[in-house]
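Each of the two complexes below includes subunit A, the first together with subunit B, the second together with subunit C.
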Partner chain A sequence: MGARIAGSIGGRELTLLVAGLVAMAIFAVLSPVYLSAGNLYQVVRNSVELLVVGLGLTFVLAIGGIDVSVGMVLGIAAIAIGNLLLAGADPWVAALAGPLVGAALGAFTGAVIVFGRIPAIVATIGLLGVYRTAIFALLGGSWLSGLPSSLSDIFAARIGGFLPASYIVILAAYLAAFVVLRRTPFGLHLLAVGNAEERARLAGVAVRRVRLAAYVVSGTLCGLAATFYIANYRNVEMTVGSTVALDAIAAVVLGGTSILGGRASLLGTALGVLLIRVLQNGFTIVGLPSLWQPVVTGVLLLAALSLERLAASGGVRRLAFGAP
Partner chain B sequence: MTDNAFLEARGIGKQFGGVTALADVDMDIRRGEVLALLGDNGAGKSTFVKVLAGAHRPSAGTIAIEGRPVSLASPQDAAAAGIATIYQELALSENLSVAENVYLGREDVRRILGIPFLKRAEMRRRVGVLLDELDAHIPNPDMPVGGLSGGQRQAVAICRALNLDARLVIMDEPTAALAVAETRKVLALVRRLAERGCAVVLISHNIADVFEVADRMVVFRRGRKIAERRRADTDPEEIVSFITGAHPSLRSLEHLG
Partner chain C sequence: MKMLKSVLAATVALAALAGAAHAQDKPRVAFVPQLIGIPYFNSMEEGGKKAAEAFGVDFIYTGPVDANPVDQLQIVQNLVNQGVEAISISIIDASAIAPVVADAKAKGLKLFTSDSDAPDSGRDVYVAQASDQGLGETLIDELVKRVGEDAKIGFVSGEATSSNLNAWIKIIQDRVKEKYPKVTLLEPQFAGGSSDRAAQLASDLMTANPDLKGLIAVASSTCPGVGQAIESAGKVGQVVGTGYCSPNTARSYIKSGAMGFTVLWDPAALGYLTVWAGKQLIDGKPFVASNEVPGMDHPIPYDEKTGILLLGDPTVFTAENVDSFNF
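Up next, the complex of A and B:
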């Protein structure tokens, strides 16, 4: 176990950490306001929803799946929460509605992929269109705004006087994801299915159930992210979630989770999210128009994928696994 | 029929459409014995093994395990009957550790609040014991299996079979892709498996390997069992002549064929 943890933390995660710190140092030199507490807090605050979505997407990529509709699931869940709040529902009920709506949509996405036998990338591009249209229809052409602050108050409440409740929820989500991935048969089955479905089936793994469950987990966490989204912004605009999929996939792949499945790192995902947000924030501060942010993310994604190709083709793999 | 027969197959036949892949095969498979199946490609040995593994339903014949007739309609049936098959391409997950592979699909768990948690330490300990019993050394069992040598992977696959309480282990060309030293180790594993009381069925094209490890040999030709010999009663030359069809006793058969 010791070797395993050391082995998995050693490479990619450390690289991300160093890359993030180097980037921060450069931005700090370029701009005097970069290292201000206000700006750093902004980076963390902007990372929250992406981190939660990324954790779920790590499960989906672990099985060799993909979901480009995660942002739309977040959007629909956010609209549900917003409407509940507007209708005067208890904020706790609204908070719970997010993950529930997300789980239902995740189950639907998973069912389309698993039972429809449609490649995940094609299925989720199709669903992206469906869900996006649903968002337009639900919003009826205008923003959902003027939401009461009751949900925000819950998340802003300081537990024990200093720790915001939202941090506790995120920490709990991360730990739960970690335990499920590393300490339960389900986690093992995810990685086995991601490595080679047929072999997993021969070994007695219920492949279809595992694949479906991965999408439900991802949907649920998208819904949880929507709860944070509403608590943070207290409105839902028409373009809700439109950059979430690109950012989340880039973060997960940067973190060392294989796009081909079979390998997953939750810590890598968390660091990948932070790196992306640090770069986006830094580039904005030094004057790069925010329109360019997707370019930064896209380049990072492509770089991470080429790195994975390189590893798969030999050189790096031998280093990573050691001699047989 | 002997006292220690684990499995008795009688009159096994298998048709694929109009093609006869297997005809009228009788075979006893005994505990503690290594039985080698030999024959050219397409001779029927793989088809026969797939019948035992539950992958093919026989068109004719009966199979009894420990004297009781059984139906091996699926791989699950075969597994329930104590039959484990180790395929050439080893169905291991390269990204998982040794213990994870051995237990995959039937993990040891401890339930806390209804959530199943892996008993990792217990699983690792048990796999260590199995590897010791097989005298197989894997220096780094927590590494992904993808980093292991071919022989070490065979050891992992055998551990998995033992952990499933297999009483008959079928191995399809276990040494096909191995270097000489690795082949030695795997053959030793096969012997140790039999010494533990397991019945072992081995498919191999390598006559030298077969003579080193098998107690009994059966030669298939054109879907039929044409010869059965105890190792002490035969030599490689005779077995090869059966495989190629050059053996004098086969001349009349060849005419009919």
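Up next, the complex of A and C:
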């Protein structure tokens, strides 16, 4: 399988990896504290929620869909987990409630898109408003704060005295996503639907079921991200999840998953998330005002998309592989 | 839906009035918050009730369910039509209130603002919680007391476009320049509205500046992130977190020591002062430069020119007193 993973590393993944390493080298030269273990741990730690949401969004983009409401799904799942913890529920029950609530919301989102026959961008902009208001109503105008640390303790526990439990959950989520996408008929169907929906239908793929399932997977992973969110921050504020969708879509597209569907790279998504977080962290470390950080994410995204266009139009394939 | 909400809001207001109508012998003071059912305004209501008992008035507390300016205006209009003697409002939309103020004046009623102002509306008085100046200076003074006069201090703010947050930062910067020349203030970082981003910025600031002594959460939405970052960096005791955070938001971080203290005002005291001000207006007693208010431990300043009654110094919440507040 190792060879297979290595074989799936295309030009985009390599480009991201190189870009990330170059950026890290520059930051390391500019600041002596950059390469400290503590800082690198922070970068990974701060990537977790975005990575988990990004893995799910990779499935959605693979079928040619989109979901701008993922941050709100994270928020609602976080409220459910928080309320369970406040009510004194077992932390394992609370941890499971996140993905369950996420799956239910994902199924709802998918149903609206698939059975309502509404374009995904329109449907999820609408649902973004609905979910945001739901968050407001559920929180009743105040925040969930001072949640018990029982959930945090589980995820902070070190397996074998070294590896944080949260890393194992992420690794498991990544491997599960990889197996589903690359080793099951469902994964093939996803990409087929994203490539040419009508042809997939004629070939006997249950298109509606596949599309619905992609949103359920994405919702479930948003719920898992909510579990991490609560474990880490122990509060839910009114603005929860407001920046998640944009960052996650940026990371997935950066990673080489096509916004038009039919092509997906989980490794690319992971590298995209890490690149965004590496840049955000590095800029703060070297003392650049945080106001500039969204500009960089935006420019990276535009660059990635125009490269994709160039590559798709043929003739300039070398550019897509060689350019930074 | 809109219609239904308005009718509902109006019904709530009427029901409140019907309840008050039984005791017509006492003058009535109303407070209309921006929305009902949130801890902050609940706290103001508690304070208002206490003052109503102390000063022999009937207190009416009613407001919109979702901070909608049209609903709020309708509720105020209803109170005016019922002839409630003094009506105070935490304004949502300052541009819409002027006609209602004129209407109230024509009926001989007192209409004033509390918590949030509409300066050009012709209101009788504005009961203000704390001045921006007071909030900024109290915060930096308290922080320097804890971290020393040569400390390095960072800011994590919310939206870069928010004028009140930027005003607080500016006041702190000016105060440092003038009073604590050896303190180093880092460039403010802006987290937007999310607490995960605030945590990220806070931990990056601590990494980049190993000698950092203080971290200020300027926006309330950045409070949990700053507290959390200090806890998970294991810097409790080395870095003092603080900010404009309500006790409920900051309680666990104040108790863990990640936040040394936070600064805001006490909404219960604000509610108390609001009802007192209403009673003064009804009795036709003018405000003086310094007012003795029974039940409050310090005189309340009044600024004739701006028509502002100021609650006074902000409240500092620490591990000792945080549990006696609930908002």
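One rule holds for everything that comes next: the second predicted complex is superposed on the first by the 304 of 324 C-alpha atoms of A that agree within 3 Å, B and C clash if a C-alpha of one lies under 4 Å from a C-alpha of the other, contacts with A are read in each partner's own complex, and residues count from 1 in each chain.
In this section, contacts are C-beta pairs under 8 Å (C-beta built on N, C-alpha and C of every residue); 3 or more make two chains touch, one makes a residue touch a chain.
Worth saying up front: this structure is predicted, and the values here are computed from it rather than measured.
> Which partner does A:A196 reach: the first (subunit B), the second (subunit C), both, or neither?
first
> Using the touch definition from the top, say if A:G38 reaches subunit B (first), subunit C (second), both or neither.
second
> Looking at A:I285 after the superposition, I want to know if it touches subunit B, subunit C, both of them or none. Which is it: first, second, both, neither?
The second partner, subunit C, only.
> Just to be sure I read the superposition right, which of the two partners does A:R309 touch: subunit B = first, subunit C = second, or both, or neither?
Touch status of A:R309: no partner.
> Applying the document's definition of touch, where does A:R158 land relative to subunit B and subunit C: first, second, both, or neither?
Neither subunit B nor subunit C is touched by A:R158.
> With the two complexes superposed on chain A, say which partner A:G204 touches: subunit B (first), subunit C (second), both, or neither.
The first partner, subunit B, only.
> Is subunit A touched at more residues by subunit B or by subunit C?
It is C that touches the greater number of subunit A residues.
> Touching subunit C in the complex: which residues of subunit A?
31, 33, 36, 38-39, 42, 45-46, 49, 140-143, 145-146, 229, 232-235, 237-243, 277, 280-281, 284-287, 289-291
> How about subunit C: which of its residues touch subunit A in the complex?
On the subunit C side, the touching residues are 35, 37-40, 160, 187, 189-197, 199-201, 203-205, 207-208, 210, 221, 224-225, 228, 232-233, 248-252.
> Please name which positions on subunit B make contact with subunit A in the complex.
75, 91-97, 100, 104-107, 109, 115-118, 120, 140, 142-144, 146-149, 152
> Residues of subunit A touching subunit B in their complex?
1, 3-4, 7, 179, 183-185, 188-189, 191-192, 194-196, 198-200, 202-205, 262-263, 321-324
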